[in-house]
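Across the two complexes that follow, chain A remains constant while its partner is chain B and subsequently chain C.
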Partner chain A sequence: MTALGSGSGGGQGMKPVAVVVGLVILVVALAAVYFLAPGMAFMALIGVIIGGVLIGFGVHFVPVGGAPAAMGQSPGIATGVTMLAAGAGLAGLFGGAWAAELGFGVALAGGAIGGALMMAITCLMVNVVYVYAMGIPAASGKVAKDPITGDTFEAYKSQGTEGHGLPFVSYVGGVIGGLLGGLGGTLIYLELLGVYEASLPQLMGGSIDQIVPLAVGLAGIFAVGLFLVNAVIAAYNITGTIEGPHDPKFKRFPRAVIGCAIASAVCGLLAVMLVV
Partner chain B sequence: MEELLFGIGISAVAGALATVSGAAEDTESDIGSQGDPNSQVQLAPQMGYIHRIYSKAISGEPPAYGLWCALGAGLAWALMAINYNPVLAIVLGSAIAVFVQGIYATTAYLGRTASLAKFGQPVYIDLIKSVTTVTMAHAFIAIFTCVSMCFLMVNALRHPFPLPLLGLVWGIALGAAGSATGNPFYGKERQYQSQKFGAGVPISASGNIVRYAEAGQRSSLDNGWFTSKMGGPASGVCFGLIVFLELWRTIFFEGFAAGWGAVIAGIVLILIFMIIDRMVEKWARRTYGPYTEEKKEEVSS
Partner chain C sequence: MTVQITASEGGMSHNKVLAIGLVGAVVCMYLTYLNALTGTEVFSFFGGLAAVFALWWGTDTIKHLCSYGLGTGVPSAGMIALGSGLVAMIFATKLSSMGIISSALVIPIGCVVIAGILGAILGYIANNIVNMSIPVMVSSIAELCIVGAVTILGLSAMATGSFVFADLASGQVAFFGITVANYQASLLGGGVIAAIFMLGAIGVQHAFNACLGPNESQDRTLMLAAECGFLSMITVSIISFAFIGMGSAIVSFAVSVIGWVYTYYKYLEMSKRDAYMWLDAKPILEKEEA
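Then we have the complex of A and B:
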């Protein structure tokens, strides 16, 4: 996880053949569900794909500095992209699943805010450690000024480093990333829960009350799994470190969005076909 | 009203358990050098610095803790299903999960260190004996408190997820919070004590970690002693706040506006944290900087 100074290189463009192949897989997955189980299952797959895309897009906002950040050599949070985004998104999923009985809108908002709150607290504590325990002010290595506060960074950067700490723009990026991750994860969970609650009683010959624990468990496991799949794809797109929405690497997100849509379609197909 | 007070009491207990869990998790990962700064421990022998520091980072802390907490919670859940007392079930589940952690730690240390044999880095058998047991003890506290917290969420607060799934979810969140907050303190303040306080570590100093303690060679046990002063408690406060506020805002405000009260409370909390963060950032700029004279406008990016 030390992609220090890897910059924005590494093929920002998309290969047309790969994109077309991916989109064909996406359409095949959608068509398979449409013909085998139109209606609710098809709509659920669409929801899963949207959720996956939200997660993949959201991961790009999360400021992650990996090992260099742990030495104050580059800005961001000192952990891996996938790990942090997954932690935030799953905290959101916890809140969303809890609020599921209050309706679709409340559950989605609860999941999104849960993820954002986790990131807000984590980012604050990260800055507290940087500032009070290590004596490091925030300084970005990628831009001269904070796009939100207008703070200049060059004079606050230690010699021989690429910047350090967590500038305010990165903080806001982290919160947005947690928000999108929690929203996407909760959307996937709710869509799959709807399908399982509708299909499992008939499939297993039990009442809805008997089936609910199984449906919740299955939907939760698939939501966690899909979360990790999409977070890992986005992490590969980022390759190592990213400072947040102001980082040049952020512009790579369209590639991850397409990748996440395809992966979510295939994984969602498996999750839905389990019961139809 | 009674139900509300009960819910808030449970939130407080869960928050306290999470605080202990976060502090133990970070100290465990610093003793075992599992967080992101482990790359420096791995790099040091290649730069000619032989050391006695444990390195067990095969995967990051979040997936590792996700596994251990899911394992502890799953075993506790299975034992409770055959009518074991919940406390005994959680203790036994966590103890078995810790043995998995111990195996992981031993094989990871041996594998990682053996791969550095060509740079002259020895495998210290005394380190395996002394450090592994200490990381296991810290891991037990982290897993036990995390699983206990999940048990409260399922049984007292009626969260719909089954216990093992909650163990996975909060295990990953625990690792993420601990690794984000505690890692920098171990990475810079402990490993690079030869560098001056109040600045980042120059990239050219990579691998030149401090290898000697006050008396003799430093081992990973010294790292636990050092990071439990600041990195551990900071991680504990971070994870404790996440768990407590997540539960508190839901229990206290969900009754308002058909559930939207909890969402609004969450937004207010996020804004408050954002304001505090900005104040901390401004304080740091006033107190530490600028390091060099500010240039006028045109600074290259």
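Then we have the complex of A and C:
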């Protein structure tokens, strides 16, 4: 299992030159929007960047086990990072989009809770399958003791595995990840929806009521696209499996956060410039 | 991570696949513009063929990229391709109304250029900031972004007969015999683009994900990619009944089905060729006469 452990994952740390180049791209994108469309569009781009960062950070909390988890050889949910993040985030995004009429705060809360709920149900069902169908106890391979409950894992961990099941700390991590992913996705959606609702009626020559379906469609599909871009960049940072916030790989999150901020800025620039 | 594991030897070089795919897709995109020139909608199916070329090329790109071992599985590459491609594609459809070049002919080539730039930036982020250190990362993500953008542009053009933003954003609804513009009855406002997005995302990553393994062979994988493309085309041709004329939609449907049947049989043949042996087992055994 060493190929799936912490051994893989490219180089460690960050390249300072690359980060500077990335931050220059970020500033150029912000400056372009600031000069072409100051005010609402600029604030929306900042919202999109924050949303992207939340998604990238949130993905690191989600316990992912991949194929080894399906065989009970590593803890986590038995699927890839992108699929899980997309599931949690999009569930939240739909929840938030439904609540968009009820105000900014309610919509954000709806998105966050939708994502968290989706992850909570997924984690619960995963544990049901692990314990009652596969007959394995939850045991982490990365830490000796659960950081939250203080339970020890050593006696339960099967030989030759990296642990199995979904320990309590991973469950909590999954819920936090869903919360942040849903929050980020909904924030991107709401910011873009605001910009489109403000500028599309004049641009397309229709009334606000006529234009709402178009604004919703555009903001929704852009939010999905941006969500997947950020989730995949975070997945590339994790490279395979992660148990949750106690996993050593979790410490890598700064580079994904920087990467997601830049990616969101560039994609957000195109999304905002569509109506400018 | 930087050790390349070659999935299969021989076959076409990746650059050749890239050239055929890119040129084929762009040419087919321009052929859909015959719709606007001739005033019909019969040529919509060329958009689907552009998507097939793009998916065919994108499958080889994913194979090229994933031979380095991403650690995240093949589908993530398809997801970032379509996610970023979508952003570039919707922006590109707006190019003709931005006041620089007013002809719609700028859209397909502009789509390729914008997607290439966006993909290169994302590839740079993945390779240098996230520090994947994969030699082909930047070029592959750029290629994948173009593949995603051209796939969605092609399938959208197939569904609506046009690749201009104004046509994708507004549809027409007959109301007591009078046709009125309705934004809800459009590709973007009606959310049809989400279906096209998923068709493309599954189409681009499925072929390599399904065929990878010790005896993966390039022609079989690429044939499966073309088959996925035609299968997506069938779905889009059914969607297109809502947007374009009955006759044109039937032409699209016929082209998709013919393409799908041909590629499916070709793929089956190649699977039999590559298999160690195969048995034409019947689901229910016939009773032999004594």
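Everything below uses one rule, namely that the second predicted complex is superposed on the first by the 267 of 276 C-alpha atoms of A that agree within 3 Å, B and C clash if a C-alpha of one lies under 4 Å from a C-alpha of the other, contacts with A are read in each partner's own complex, and residues count from 1 in each chain.
To be clear about the criterion, a residue touches a chain if its C-beta (ideal position, glycine included) is under 8 Å from a C-beta of that chain, and two chains touch if they have at least 3 such contacts.
None of the values given here were measured: they were computed from a predicted structure.
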State whether A:Ala18 touches chain B only (first), chain C only (second), both chains, or neither.
-> second
Is A:Ala235 in contact with chain B, with chain C, with both, or with neither (first, second, both, neither)?
-> second
Residue contacts with chain A in the superposition, chain B compared against chain C | B
In the superposed arrangement, does A:Leu270 touch chain B (first), chain C (second), both or neither?
-> second
Figure out whether A:Leu226 sits in contact with chain B (first) or chain C (second), or with both, or with neither.
-> second
Touching partner for A:Ala78 - first (chain B), second (chain C), both, neither | first
So, A:Glu191: does it touch chain B (first), chain C (second), both, or neither?
-> neither
So, does A:Thr149 touch the first partner chain B, the second partner chain C, both, or neither?
-> first
Now for A:Ile211: first (chain B), second (chain C), both, or neither, which partner does it touch?
-> second
Look at A:Glu243 in the shared chain and tell me whether it touches chain B only, chain C only, both, or neither; answer first, second, both or neither.
-> neither
Both chain B and chain C contact which residues of chain A?
-> 4, 66, 80, 83, 86, 213, 216-217, 220-221, 224
In their shared complex, chain C is touched by residues of chain A numbered 4, 8-15, 17-19, 21-22, 25, 66, 80-83, 86, 204, 206, 210-211, 213-214, 216-218, 220-222, 224-229, 231-233, 235-240, 255-256, 258-259, 262-263, 266-267, 270-271, 273-274
Seen from chain C, its contact residues with chain A in the complex are 1-2, 69-73, 75-77, 79-80, 82-84, 86-88, 90-91, 94, 114, 118, 121-122, 124-126, 128-134, 166, 169-170, 181-184, 186, 188-191, 193-194, 197
List of chain B residues in touch with chain A within their complex | 35-40, 60-63, 159-162, 165-166, 168-170, 172-173, 175-177, 179-189, 191-192, 197-206, 230-231, 234-235, 237-238, 241-242, 245-246, 249-250, 254, 258-260, 262-263, 266-267, 269-270, 273-274, 276-278, 280-281, 283-285, 287-295, 299-301
Going by the contact rule at the top, pick out the chain A residues touching chain B in the complex.
-> 1-2, 4, 66-73, 77-80, 83-84, 86-88, 90-91, 93-95, 97-100, 102-103, 106, 109-110, 113-114, 116-118, 120-138, 142-145, 149, 151-165, 167-168, 171-172, 175, 212-213, 216-217, 220-221, 224
